[in-house]
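In order of appearance the chains are A, B, C, D, E and F, and numbering begins at 1 in each one.
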Amino acid sequence: MKNSNIQLIDESGKRVDGRYPNEMRRLRIEAGVLKNADGSAYIELGNNKIIVAVYGPHESTPKYLAEPDRAVIRCRYSMAPFSVSDRKSPSPSRREVELSMVIRQALEPAVFLNEYPRTMIDVFIEVLEADGGTRTASITAAAVALADAGIAMRDLVSAIAIGKVGGRLVVDLNGLEDQYGEGDMPIAMMPQLNYVTLFQADGVFTPQEIEDAFRMVADPIKKIYREQKRALKKKYVDVVREVEKSE
Amino acid sequence: MSESKSAGVLSLLKREVILAGLRKGEREDGRSLTEYREIEVKTGYVGKAEGSALVSLGDTKVIAGVKVDVGTPFPDTPNMGVQIVNAEFIPVASPVFEPGPPGEDAIELARVIDRGLRSAEAVDLESLVLVPGSKVWTIFVDIYPLDHYGNLIDASGLAAMSALLDTKLPVATVEEGEVRVSEEKKPLPIKTRVVYVTIAKIEDFLVVDPTFEEELAADARITYAVNEDLNICGIQKGGSGAFRVKELLDARDIALEVAPKLFEKLPGKPGA
Amino acid sequence: MSESKSAGVLSLLKREVILAGLRKGEREDGRSLTEYREIEVKTGYVGKAEGSALVSLGDTKVIAGVKVDVGTPFPDTPNMGVQIVNAEFIPVASPVFEPGPPGEDAIELARVIDRGLRSAEAVDLESLVLVPGSKVWTIFVDIYPLDHYGNLIDASGLAAMSALLDTKLPVATVEEGEVRVSEEKKPLPIKTRVVYVTIAKIEDFLVVDPTFEEELAADARITYAVNEDLNICGIQKGGSGAFRVKELLDARDIALEVAPKLFEKLPGKPGA
Amino acid sequence: MKNSNIQLIDESGKRVDGRYPNEMRRLRIEAGVLKNADGSAYIELGNNKIIVAVYGPHESTPKYLAEPDRAVIRCRYSMAPFSVSDRKSPSPSRREVELSMVIRQALEPAVFLNEYPRTMIDVFIEVLEADGGTRTASITAAAVALADAGIAMRDLVSAIAIGKVGGRLVVDLNGLEDQYGEGDMPIAMMPQLNYVTLFQADGVFTPQEIEDAFRMVADPIKKIYREQKRALKKKYVDVVREVEKSE
Amino acid sequence: MKNSNIQLIDESGKRVDGRYPNEMRRLRIEAGVLKNADGSAYIELGNNKIIVAVYGPHESTPKYLAEPDRAVIRCRYSMAPFSVSDRKSPSPSRREVELSMVIRQALEPAVFLNEYPRTMIDVFIEVLEADGGTRTASITAAAVALADAGIAMRDLVSAIAIGKVGGRLVVDLNGLEDQYGEGDMPIAMMPQLNYVTLFQADGVFTPQEIEDAFRMVADPIKKIYREQKRALKKKYVDVVREVEKSE
Amino acid sequence: MSESKSAGVLSLLKREVILAGLRKGEREDGRSLTEYREIEVKTGYVGKAEGSALVSLGDTKVIAGVKVDVGTPFPDTPNMGVQIVNAEFIPVASPVFEPGPPGEDAIELARVIDRGLRSAEAVDLESLVLVPGSKVWTIFVDIYPLDHYGNLIDASGLAAMSALLDTKLPVATVEEGEVRVSEEKKPLPIKTRVVYVTIAKIEDFLVVDPTFEEELAADARITYAVNEDLNICGIQKGGSGAFRVKELLDARDIALEVAPKLFEKLPGKPGA
């Protein structure tokens, strides 16, 4: 987080892209967008464009990764070279390695892994365009792709960041706010069960702000969840019924 | 190291079904042997890229993005910009793609696209010199298949060419050897457009724009890159089978016949 | 690529033993749930390093060394020095560490330590510029666990912070753009100190400074980085489990409560 | 292909090295040059110097590559660092990866793979000196090395490039012609069965030139085939008899 | 070895750090310093600080490395980035690869490998600070760590370098002498059985100097051996008894 | 990571046969214990290389090529050219060589050859400086075994040394810090020649120039690099066995005895 002279909130309390502090960017989710994948989803959150493919449950490759009593989730978060301002090398960066892990850990609590012993479930995420908040948007889309693949889930996972710009908390940082703001706190939740499955922060937050962030995130999480269900419903009424039954 | 590909991916039965159709002049999706699947080209898809295109060829989907950067020329071509084509077979696109650095198939694809563009002099590389011998524009074309349902070469060619046609290059000025890149942009100079026509050989049949299953059934494939003068600006035979000379010449005729339909799908040249 | 971790490492029986203890408010080594193991910090351990520290956290041992070099700044921060944190899980430290390049756990550890330091602005990076835009000090912090008995994050945080506090930077002068590094040294400028508090969740219990076995028994963990103002300068949830919001806030309270005890173990700030 | 002012054909129709358009460079092939390898060949084509070793058929390593009904060919085309003007890094370039594949595909049609189920046949190619046309010379030598290893073959494979310099087609580009000429079209054929197993082109060719190239390549292919047989005969009269029987 | 004008031996025959030619640096060895490892040792030789962990004998990973009639030793010599003046990249250098091998080969003759068929014994060496002579100090410590792990041994291995500075042989080069001296000749011996298990040299030595070096190394090797036994005795009286029984 | 080599490659019976011969003072190919196989050195083999040599040592064949380039010196030796020796165990040469980056054996070989040359100051690196501290000649020596029938070290030493003796360096002039490389060439300056003598220990026998099977039967090997003054300029013990001191000194005597015969096979020094 680099403080700077860039003014990220104006006198009227509006942000650089005209949003209010508690306002998310435009969100669009589509399920079942790929033919090869067993499940898939496409998400646009502001300028972010991300595609997620789920393959599985299938036989574990390599075999030694298989677990006798449950499925193993393999997760790959990757950014296309043209998704960012300066071309990104296609080989995995340390950031991508970490995000592949925390995204996996954000999804695992929601999947009934024990239903699929000895199998592997692949979650492949490709960021086509990035503008702040790709990890949370990826989680949101990946949960839809898992459901689209017909995988049994306790709940969906809905995710969004709380950030800190101009000394105050705001919802859903865009790229500019992420770069010049004071803090970023991505949160993923199982919205029906009310559990936190991803929680990170950069920047400096007062102890009180941690609590405020959780209060602030509740509403956007609900909105995201509704959009996830809408996307699933649109193509797979049956699958949604399964998900709702578990609510 | 290159190893023979696994056979047995396509059942013999399935191959027989495909062949039975071809003997009647029919393909599974109802196309004629020289017909392409439906083509859709969407440029300007990625805002962060200098140029981009999302291409659908039936169920096959490929995205290509162009990034540009000021770099140094290759030592043997000090007065030309640099064009780099890269393809990643990300596991999103197919259960047969494994994560990891590009394998031989992705490398071949990128090199075939690159050579076609380069042979045709599609990008006017000579106009991309900023300081002769030391500073030139580098044009990166990254090809990402998103859904692999056959014929990645032609789809990638359409995506790469469309992304280049969509590319806006920042206006750069040079003062005392220092390059200044402004906010202003102008189209990347393109001298000619190129399309790629791939024809699979399944027993004695030549089939344009093969699907994934037709590719598995095929003995070999031949790709002709074609420029706007309808000359050949690249050839690549693929697969472990062989062709008769006549088959290669027939394929050439087919390529020249269908190329104009592909050009129609591409954006126009800048300034044209 | 990140894969689910193998379960079955800890026997169910062992997990039951740990839980039975926690239900009585007891841990196997006699500590309370919010108590750290014994901490020892030894700075100046490695003569060849500009700064170093060997830290023991009970049986967990971590060494951190700082090397400095004149380098170029990142393009987007031309007026700041460069801080690079790296961790290697060398096989010396544990039978679960395999030789080879850093895996996701080592990368996560390094990035968590790095972000905490960076968010708090612990190292005064702006004072490390030699020639604005072209020459700055690069500060390498290398973290090497030597014996892994649990809670590598907090031990590594203590080692990294102590090594930075121990670091002597050569005095450099710039003449006509050329940097001259003298023999004379002065302390690396540090603006604030940072500590990391990790709390494991085992069923409904929150346990500070988990041992290796407690980590295996845990559903998830949460780390708070805390600066000298007792503000939060970094958060990382780990593990494949989930937290209730209340648990995360309780963990925050615990972190703020124990952080001052960790600060006591650190060397003082230079000049302070 | 970089056009340039270098004159590659003089007024009398001769090329930079004094050859006529339809003239190949000096060709020399030797079979059985290595002791460890099961089969081997050495080729000189002009300044090109290439050695090929064949190991196998042997048990497949790794085992999962084995095919139940046929042999797997493993092929590696590699250039020594000192084989070219500017030292080449020993790690495989993208060009070497592609050429390893197209050379393998040029050889496979000629080998009775089904005779050797569950085995692997290694074709290792090392370019000691390169001067244009190494891929075709490698194929020519590899076919000899396969025959030298006693592997059952439908036919040999003989290969040479047709190129375009000074606006006209010529046989067997040398390094200089390859660098400054207008086009390069390497062709590999099974000379007795009359099948094309490798066909590539760089540069711009008219549709008619494709046909002309195939006409032009027929004679050099025959010459190469004769030289291949001569090399095999020289050391292995028996092996050659087998090959000729299949003609 | 770079000759230079730096005077490494003064008029009184003393070296840059005040030692006499046949004088070793201060040596300190500690056994059993790590809790996870099955055996471990820490060595300080002058400014060198090295830690060695031994894991095993354990099941071979990967399995194909296992030998039916004996243990396989896996050895890794590694230098921490901060152990030297200019930060060393953590990825293994060619020097580290070679040293991992010669150190393994220096230890193998001392271990009763046939006592542990189908197993693997890991020797992991981390140099925390380097000041000349790390390979010999690593061997000395590794032998102690192997004994500390309770692995049956024919003998310990004790190692030190003979060097050449100012035209004469000296014992135990430090970093400065190594950098500016004329030659370095590391030697490892099984001190009781009187076998040489590592022998290398850089720099120019007369034939006579080879003999002189072996004479000169005898005494330091004895000292090192005593210190190794002392370290083992200090914590594991029992283990030492085993070692002495075999003497 | 270095692992013990697989035993069982050579049958016990075969080892017994070799030993039975040695007890009678005989080797399988009729040589005495201190006799080399036939040596052939062919320089100027590769036209594109600045220097090259193809060496046969009986059935063992090694090619070495030298390439030169203008580069930057190592920071700690600003007034010396750079010598880089690399060896690749390409799978052409032996069924025991696997494709891929150099393993420990190839790295050891290259480093042993490099150190012998460097210790003897064979290449006059100080004469290879173009602009002190910034531009020097880099001399790459690449060693490629083509057929591995034992004793790669000595064969590679002959190949590397011969290739260096064959090397022609372009004449370079420096004007205002810029290096101009002309077409004219002169021999690479060589101060002394070096040969490598490797002796295998098979039980109590010391055997010069071991064949591949003798290497498999050997307990250990010792290599002495010898310069033209018949001093030792490099030593490397190899293998998992041990030597008595007397054996090492006997091997030294053998090395000094046979070295002159190897020097006879090398080209002469330039200008000598």
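A few points about this structure:
Everything that follows uses one rule, which is that a contact is a pair of C-beta atoms (placed from the backbone, for glycine too) under 8 Å apart; a residue touches a chain by one contact, two chains touch by 3 or more.
Everything quoted here is computed from the prediction, not taken from an experiment.
Chains making contact with chain B as well as with chain F: D. Ranked by how far their CA centres sit from the centre of chain C, the chains are topped by D.
Inter-chain centre distance (chain A to chain B, centres taken as mean C-alpha positions): 32 Å. If you average the Cα atoms of chain B and of chain E, the two centres end up 57 Å apart. One inter-chain figure worth recording: chain B and chain C are separated by 47 Å, centre to centre, where each centre is the mean of the chain's CA atoms.
A straight line joining the Cα centres of chain D and chain E is 52 Å long.
Residue positions of chain A touching 2 or more other chains: 76, 86. Touching of two or more other chains is recorded for residues 1, 99 of chain B.
Begin at chain E, move on to chain F, and keep following the contacts round; the order you get is E, F, D, B, A, C.
Across the complex, chain D meets chain B through its residues 1-2, 65, 67-76, 86, 94-95, 97-98, 100-105, 108-109, 113, 183, 185, 190, 194-207, 209-211, 214. Across the interface of their complex, chain F is touched by residues 34-37, 47, 49, 51-53, 55, 58, 76, 78, 80-87, 90-91, 122, 124-126, 128-131 of chain D. Contact residues of chain C toward chain A in the complex are 1-4, 6-8, 75, 77, 104, 107-108, 110-111, 115, 118-120, 220, 222, 227, 230-245, 248-249, 252-253, 256.
Within the complex formed with chain E, the chain C residues making contact are 45-49, 52, 59, 61, 63, 65-67, 69, 86, 88, 90-95, 99, 101-102, 140, 142, 144, 146-149.
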